Structures are given as C-alpha cells and as structure tokens.
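In what follows, chain A forms one complex with chain B and a second complex with chain C.
For the complex of A and B:
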C-alpha cells in the first residue's frame, strides 16, 4: 500500500506573551491508504495541534514549519490559500470533539450540510438537499427529513455528533481527522458512535486519524497507534503490540495507571509527577523527570528514534546501544 | 464490620419547571426520584450512571446542599433534613464533599492556607499557630509540600488542585465524604494518583465514601458496593463483583458492555442501546428504561418496577429478572 499522507519534521509553536510554546516538536509519520491511525496522549501533548497543522488551520500566533506535509503527493504547504480551502472538506475533513460548539447554532443542520456539498461538489440546491438527507440517513439519524430543517439545539449530543460525521463524510474525503469524537458523550452513546464509525469505515474506504486519550477506544478503532508526549512521538507501532508489549516507559505507565473493567487490580500504578509546563520544558527527554528508568543521558539529550522491530519505533535512550533497563 | 453510617429513605429531589405569565409551576424535573440505600462505615459506595441521571443531585441533596423534596436521610441517628441551621453546621463537620472541577471549586482570591484553614476557623476548632500546623499537616498528607500554603490555586496543576480540594474536605476530620466525579476532569496518569490518594486516606482516617462517577472501570476499582442510576432512580445495587460479573438489569448490562476494553483480542459482545436518555421532565410511563430496553414487554410499559432484593445484597428494579433477561446470550 502506498502512503496517502507523509509528514516529516513538523514543528508547531505559539508565540505567546510569556514566551514561545512549542506544541509540536518535530514529528514524522506516514499514513497509508485505507489505514486508521490512532494518536494517543494526555491533554496538551500536541495531538490536536498536529492535526490542525496538517490541515493548515493554525492561525496567529501559531507558526507551522515542516520539511514535508504531503497528501497524495501534493505538498500542502506550497498550496495557495484558495487551493487549500478547496481541499479542506473535500479531500480532508475534521470531526471536532465538542458537538455542542462545533455546529453553528444559527443555521439549520441542513443548511450547514448543504453548504459543504454545494461548494465542493458543484451540486445545485435540490441535488444537495437530496444528498444531505441521504447522508443523515446513512449516519443513522431517525426522521432525517425533519432533522434537515432543524437547528442544532434541538438535537442531543449523540445526534449532533452524527450530524458532524455526516458533514465530514459528505464529500467522501480521502482522510478524516476525528479529534476525540466521543469524549464529550456518555458511554452508551459513545458505543453507538464507535459502532457507526466502524461500520462507515468498512463501507467507504477513508483513511482515519483518530485522536483520543482513551486507550480503550483506540484499541477498538485503529490499526496503528502513535503515542505523543510533550509534542514528540515517543512510540509508534501497531495497536496489538502497543497494548500487549509496550516498550516506552511512558506508554507502560499509561497502560498501568488505567483500571480495567475486565480485570481486578489490587492497586493502580500511577505515573508520578505531572506533565511539564510547555514554557519551561526539561532538557533532554521531556519525560525524564517522571521516568523511573531515566539515565544520565536522558537529562542531556533528546533521544533518537530506535526501530526495535519492523514498524515499531520507540523514542527512548533505553533502546540505544547505551543500554539501560526499564524499571517497573 | 457492617455498621450503617448513612441511610437514605425515599429521597426525592424535583426541580420545578415554571411557565406562563405568572411563572406558575407547570411541571417537575424529577432529578432524583425515590432513592433508598445504605452506606456502611468504612466502605465506598460507587454511584454510576450517565450524565443527567441525577447522581450529582443525589450527592448534594444528601448533604442538604440542595433542599430535598421528600424522603429522609440519616447520618448515624441524625435526620439530616430535619436539622436546623445550627445543628446542620455541626453535622457538616462530619459530612464533606469533594467537587468535580478543581478549577472552579477553589476560590482564586484565597491562598491555599486560607482555603484549607477556612473551615477550621468557621467551626471554631483551632486558630493561629495550631491552624497553621493542621493546614501543613493536611497538605503533607495529601501529597503536597507544606510550604505550598502561601500559594494561590492558579499556581497549581489540575491534579494538585484536586489534592487541595481533598485536603479542604478532610481538615475537619469528617466521617463521610461525597466525592462528586473527583477525577473526571483529570488526565489518565493523574487520575490514578488521586484514586490511590483517596484509598490511602480512607485507610488512615477511616472514611466512608460515596464515589460518584461515570467511569465504570474506576468505580470497580475503588468501590465495595455499586449503585446504578438511570433517570433519577436506582435500577440496580449490589456488591461490586456481583455487579460486574452478574449484572441483572438490562441497563446495567448495556452500560457495562459499552465500555471499551483495552485489549485488541477482546471480542466485544456489545449491547447497543437505541436512542437517548429520555427527558426527566417527561419520563416514559411504566419502567423508565422501557423505550430503550430490548426485552420490554407490555407490563414494562404500564407498571413501574420496584427495587427488589433478588439474592442477598443484590437489588434490581426490573419486572423481568426472574425470566433471566440477558442470560440467554
């Protein structure tokens, strides 16, 4: 399979009054056609910003720099704003976290759906209305024809998220960014939405980048996972390896600190300390102040990527020739 | 040792809906409707349910932070709802609450020492140097440095703020603490820290918790007993292992099956519930859950089920339990 999206050395920083905040600190990854990729990490690790940077949705005071952001061979950074606008929604679509705030409250659901379809697919009013209702039906909204002319406030959270998904998929994008699409929803509604997304993925061959902080959701939804911490990718592997055999101390900590519904644990093993302030990043590896296996070099130099197995890369000094052992 | 410390009898909390020119009461939102259970000393009762099911309202009503519409709540032998202002203030030493949002539940204009020490002063417990010592002790117990008492809430991270919230709740040495989603606004790696802290404190001070959460995995970890709420009512209550291994109410079964499992090999036998939670202002007739229940029969649409004891310590409110709903698959 060829690569659909190639990202190389992406840096995003925000120039604030207090100083420069490096939100994304040099990440590289590829996404294959039809693949679903998960990005996991805690709040502030840069997972959303990375995706917004790819779509060129970062505004002032943000600054995006990358060696390469290629979608299907097209370098996105070189495109004019007009060209970029025609790609957003058409080739790449975004589902936001909060279905409550990401729909415009003063327009009907139908209007907001039609807008994108008319703009990108050149359909007329009647055709686009037909298509919109079809999309609403596809995402399992009951009485789609009525919902078409209703406003967002009259829908529940789960229904709004369905409408968002309908909107994102209406132009059959090549790549779909789903930024914590179920975080704001209740578990039973989350189950509905996840099932819908799995089902739709089988029907339309869209590549998905699925952002979440919940490893449970990730392990059900994706093929491959990237773990981010403080703006860097610390581990990148397929989902099975990540859950069964994680190698980076942070990933191990993350998995151990989560209680399981299917297994009884005597005591949780939290990661000590907290995420560092982005204005005052520690030197070397950003995880070293919390890492129990930290060595001398971790405090001094940012680790390199080590490919420990085919397709499994870990950004940690423990896997270099320097050695070191993971303490647990 | 199963000595009941908090006993609830038919607790009701309705919020009136006003309408019309004269703002007359035109209906009620039954946020909590007829809830009864007992919490034993030194144990944790987990209260789970989806948003809007009334779990937080129940937590606040028990402490009389909201005026109850009906029912009785006992702490030891005191009827909490019948106490006058002075008695209530006295009772509040024993009954405390940890709030959900550590960002809005701490006064930004008070420093940490004042936040934690305020209750000591109000209750005339100690002041001056003794108060200072007590504050520093509490900070240390909750995993913060004693010198932090001079700082202000904005200088702390979410996890640290929640520690301050816990320290504040525990300064008066309470018996019973309502923890209202204490971890839901925190990151995964911090959640475990706070839960471990709460467990340690429970051992140290012999606390009894009502742990309100929508995180079913965390509730399994921390609780002794678990109550499941749906639309203002408790639909199932029992020991945690019983609940997670042998859920009897169709809603509990669906709720548990909906939790994503961190295991790529797990074959999920997920029960997908149709539709949304109905509005508590206009609950369906009969069993509240009937429009979403896949087993619902005629009887469920007409008759409201009562919470009944099915086996020792396991109460369920469903007409169809004897028929073994959900056992088939």
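For the complex of A and C:
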C-alpha cells in the first residue's frame, strides 16, 4: 500500500489580538490508501484545525505552513485556489460534528446533495437527481425519494448525519475527514452511523481520517491512531497497541481515565491539571506540568519522536537515550 | 429579479420557525410555512388586501375613468364633486378622480422602484462588508455612517434641486439615500451566517465565493431584508409625496399623489376646496399604513422568536 496523504511539519497558528495562538505545532503523518486513521485528543488540541488546514479551509486570521502536504503525489500547497476548490468535495470530503446545523435550512436535502454532484461530476439535473437518490438509499435512508424533496428541519439528527455522509461520499472522495461525526447523536444512532461508515468505507474504498475524543469509538473504527496534545502528535501507533500497550504518559492517563465495564471502580482517575493556555505554553514538552514522570529535560526541550517499535512513534524523553541517561 | 423572487418562495427561515406541524404529509417548504403563518395574521391580511386594491385601481385607471389623464376643461375649473366628476376638478379643470388613479401608478411605482434600488445597493454593499470584512467592511460601514449622518430630507431636497426634478431622479434619490438600513442589516446577518456550519460545509464541497454568498448566505438573510425593504417602501412613498409636494419630485402634468396635493399649499384651497387635497392625502395615508401592516405581518411570520 502506498501513501495517499503525506503531511510533514504542519504548523497552523491564529493571529489574534492577544497574540499568536499556535493551534498545530509541526505535525507529520502519513495515510495509506484505504486506511482509516483516528486522531484523538482533548478539546482544543488541534485535531480539527489540522484537518481543516489540509483542506485549506482555515480562514483569516489563521496561517498554515507546512513542508509538505501531498495528496496522491500532488502538493496541495502549490495548487491555485480554483484547483483546490475542484478537489474539495471531489477528492477530499468533510463530515462535520453538528448535523443539526451543517445543512442549509433553506434548501431541500436533494438540492444540497445535487450541488456537490453537479459541481464536480458534470452530470445534468436528471442524472444527478438519480445519483442523489441512490446515495440516500445507500446510507440507509428509508423513503429516499421523499426525503430528497424534504427540508432539513423535517429530518432527525441521525437522518441528517446520514444525509451529510451521503453528501460527503457522493463524489467518492479519496479521503473523508470525519470530525466527531457522532458526538451530537445518541448512542444507538451513533452505533448505526459508525457501522454505516465502516461499511461504506469498504464499499467505496475511501481512506478515512476520523477525529474523536472518544477512545471507544476510535477503537471500533480505525486501524491506526494519532494522539494529539497541544498541537503536537505525542503518540502514533496501531489501535491495538494503543489500547493494550500505550507508552506516552498522556496516553496512559487517557486510557486510565476511561470508565471500564470489567473493573469495579469507585472513582475514575482523571489526569491532574488542565490543558495549558495556548497563549502561554509551557517550555519544553507541553505535557510536563501534568506529567507524573516529568524530568529535568522535559522542562527545557521538546522531545523528539522515537520509534520504539515498528510503526509505533512516541514523542517523549522517557524513550530516548538522552532521557534515559538523565533518569538513571 | 425573477430568479431572486423564485428564491423567496422556498424562503428563509431561521431553523426555529420551521417546527410547524405537518399533518397531511405534504412537504412544507419554508415559503409555504411563512405563507401559512402570514395568512393567520388578520391585520396583515387586511393590509395586503387594501394594497392589492390600490394596485388594481392604479393598473385599471384607463378602464375606470372616461377622462384623459391630462385633459383640461377650462370652463369647469375647481368644480366640487358632482355626478360628472366624482371627485371634482382641479385648477386646470382636470378630473381629479382620474388624476388620483393615475397618480397611484406613479406613487406606487416610485415606492417600488426606489425600495428595490435601495435593496440592491444595501444587499451588495452589506454582503461585501459582512463576508469579506477587514478594510472593506470598515470602508463600507464608514460610508454608511456618512450617509446616515446627513439630515435626510435636506439632502433629498438639495439633490433634487441639483439634479433637476423628475420621476427618475426622485426614484434614484430615494434609492440612494435609504439603503443604509438594509446594508447594516445584511452585514449583521452575514456576520452571523458566516459562522454557521453549513457555510463551512459548502466550502468543503468546493463551492466558490460567489456561490456561497449568493446561494448559501443570501437566502438565509432574505427574511430581514424583505421586511426592511417593505417598510422602506412605505418611507419611499412618503418621501416622494414630500418632494413632489414641494415641486421637487414628479413634475406636472404627470400626476403623483404628492403633486396633486401641491395646490393645498394655499390657505384658500386648504380651507375651501377639500376635494383638491383630501383624496390624495387619504390615499398616501392608507397606502403607507397598509404597507406597514404588511411589513409587520411579514416580520411576525418570519421571525421565529415572535411565534404566536
């Protein structure tokens, strides 16, 4: 499997009145064809911003810089805005978190579905209508032909999210960014939507980047996981390893703070402290003020990535020789 | 324009008003829901009914009266109402009913054209300011402030005097002086709609800026634009009447409700010849009132917060 998406040293910052807020601080990752990648992290750690940066959807006052953002060999940063527009929706699609507000209330579901299809595939009205209804059926919407001419307000949240998925997949994109697509839905609907996405991924052969803060959802959905904290990737590994054998202290904390059904616990174990203010980042490793195994060097220098096993990267001094030496 | 209006039929609606029950299983477009709510408002329906009658009277003027618009009967000047001249005649012996009916054509169309003109200007400037922001926003909003800062009637009179009085100049002057409210309104709407997730979603499907502004944002801002333009139309009719009354608007022999009133500047006419000024005055009053009623009804129908 070759790499579909290559991201190298992506930086995104926002120039606000209070100063420059770095949202993404130099992340690099690859995504293979047909792979599904999860991005986990607390609110505000830069998950969504990273994906929006790749699609070049960060508006003023945001600023995106990267050494490389390549999709299928094409450097996205070099493309004109016009070329980029023709790729959005066609090669890359985005599913948003809030199905209640991500459909335009003044247009019918059908109109909105047809829009992307007509924009990118050059089909005429009749063909695109046919295709839209087909898509609605594919995402499991009953009475698809009727829903086609209905307005978003008459659909439930789960239905709207299905319609959003139909919209996103209508042009069979190479990559689908799903930004917490099930956070706003209740658990049963959530399970249905996740199942649908897994099923469709195999059918259309799309790579998915799945953003979530829910480790349970992530473990169901993806092959590989990236854990982000304060705009950097602190751990990158396959999903099994992440759950069974996490190495970064933050990941360990995350997994320990998750309620488990098989262990009886009086209290959950949260990670102490809170996310630092992005305007006032701690020096060195951003996690060191909350880290139980923090060392001298953590305060001074941002750790490098260490590949502790094949395909398992951790960004922590604990695993470097330098860090190890200091500890001993 | 037809494209623009066609959008109105599947119109706006902030999500809130769309929770209307739908028992007979038919798809209710936002336009239909608004019409349903508007229809329930009796006062607004009376307003639209009166307005409709005024429009029909204006359109059917040639059918309704046997007289020519400008035909003078110099032997019958300043005649009080009679069976021959239902509303009497004016100083040149022209039939006043005929003048008032034809005047309705002029006054209503000045109102309509001027308020459409201000809507176009206000929507374009407001959406540019709201969508692009930054220096363009500052520039447009300062221009708006400047226009608002001038005393309205003084500026209108000066402009009419400089440009020369005519029906087209009247339309232009009113249009160019009343767009500020719409502009501010549209800007505000755009600022909030810009943050909506469906705009982000439209960008993510690869829509260009024009498409986003025209197809995705404007229809969502249409409700307040329509309300304010309706109310501004009433203002425009009043301003036209004022300018014409002062001799700076529509020029005789072309009649408008305002310039039919002109003789009432003389005390003798005002005291002794009520038929010269009462009918056009009443029509100005009733048309402005009914337009305002329609505007208020539209607001009630379109604003989700005023539900019931």
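Note that the second predicted complex is superposed on the first by the 318 of 328 C-alpha atoms of A that agree within 3 Å, B and C clash if a C-alpha of one lies under 4 Å from a C-alpha of the other, contacts with A are read in each partner's own complex, and residues count from 1 in each chain.
The rule is simple: a residue touches a chain if its C-beta (ideal position, glycine included) is under 8 Å from a C-beta of that chain, and two chains touch if they have at least 3 such contacts.
Being a predicted model, the structure only gives us computed values, none of them experimental.
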item: Partner chain in contact with A:204 - chain B first, chain C second, else both or neither; value: neither
item: Touching partner for A:78 - first (chain B), second (chain C), both, neither; value: neither
item: First (chain B), second (chain C), both or neither touched by A:240; value: first
item: Partner chain in contact with A:20 - chain B first, chain C second, else both or neither; value: neither
item: First, second, both or neither for A:149, with chain B first and chain C second; value: second
item: Partner chain(s) touched by A:279 [first = chain B, second = chain C, both, neither]; value: neither
item: Contact footprint of chain A on chain B as seen in their complex; value: 50-51, 157, 159-160, 187-193, 195-196, 199, 214, 216-218, 220-221, 241, 244, 254-266, 268, 270, 272-273, 276-277
item: For the chain C and chain A complex, residues of the former touching the latter; value: 10-15, 18-19, 22, 27-30, 133-134, 196-198, 200-208, 216, 219-220
item: Complex interface listing, chain A residues touching chain C; value: 55, 57, 60, 82, 85-90, 93-94, 96-98, 100-108, 115-116, 119-120, 146, 149-154, 164, 167
item: Chain B partner contacts - residues on chain A that touch it in the complex; value: 42-43, 156, 158-159, 186-192, 194-195, 213-217, 219-220, 239-240, 243-244, 253-255, 257-262, 264-265, 267-272, 274-275
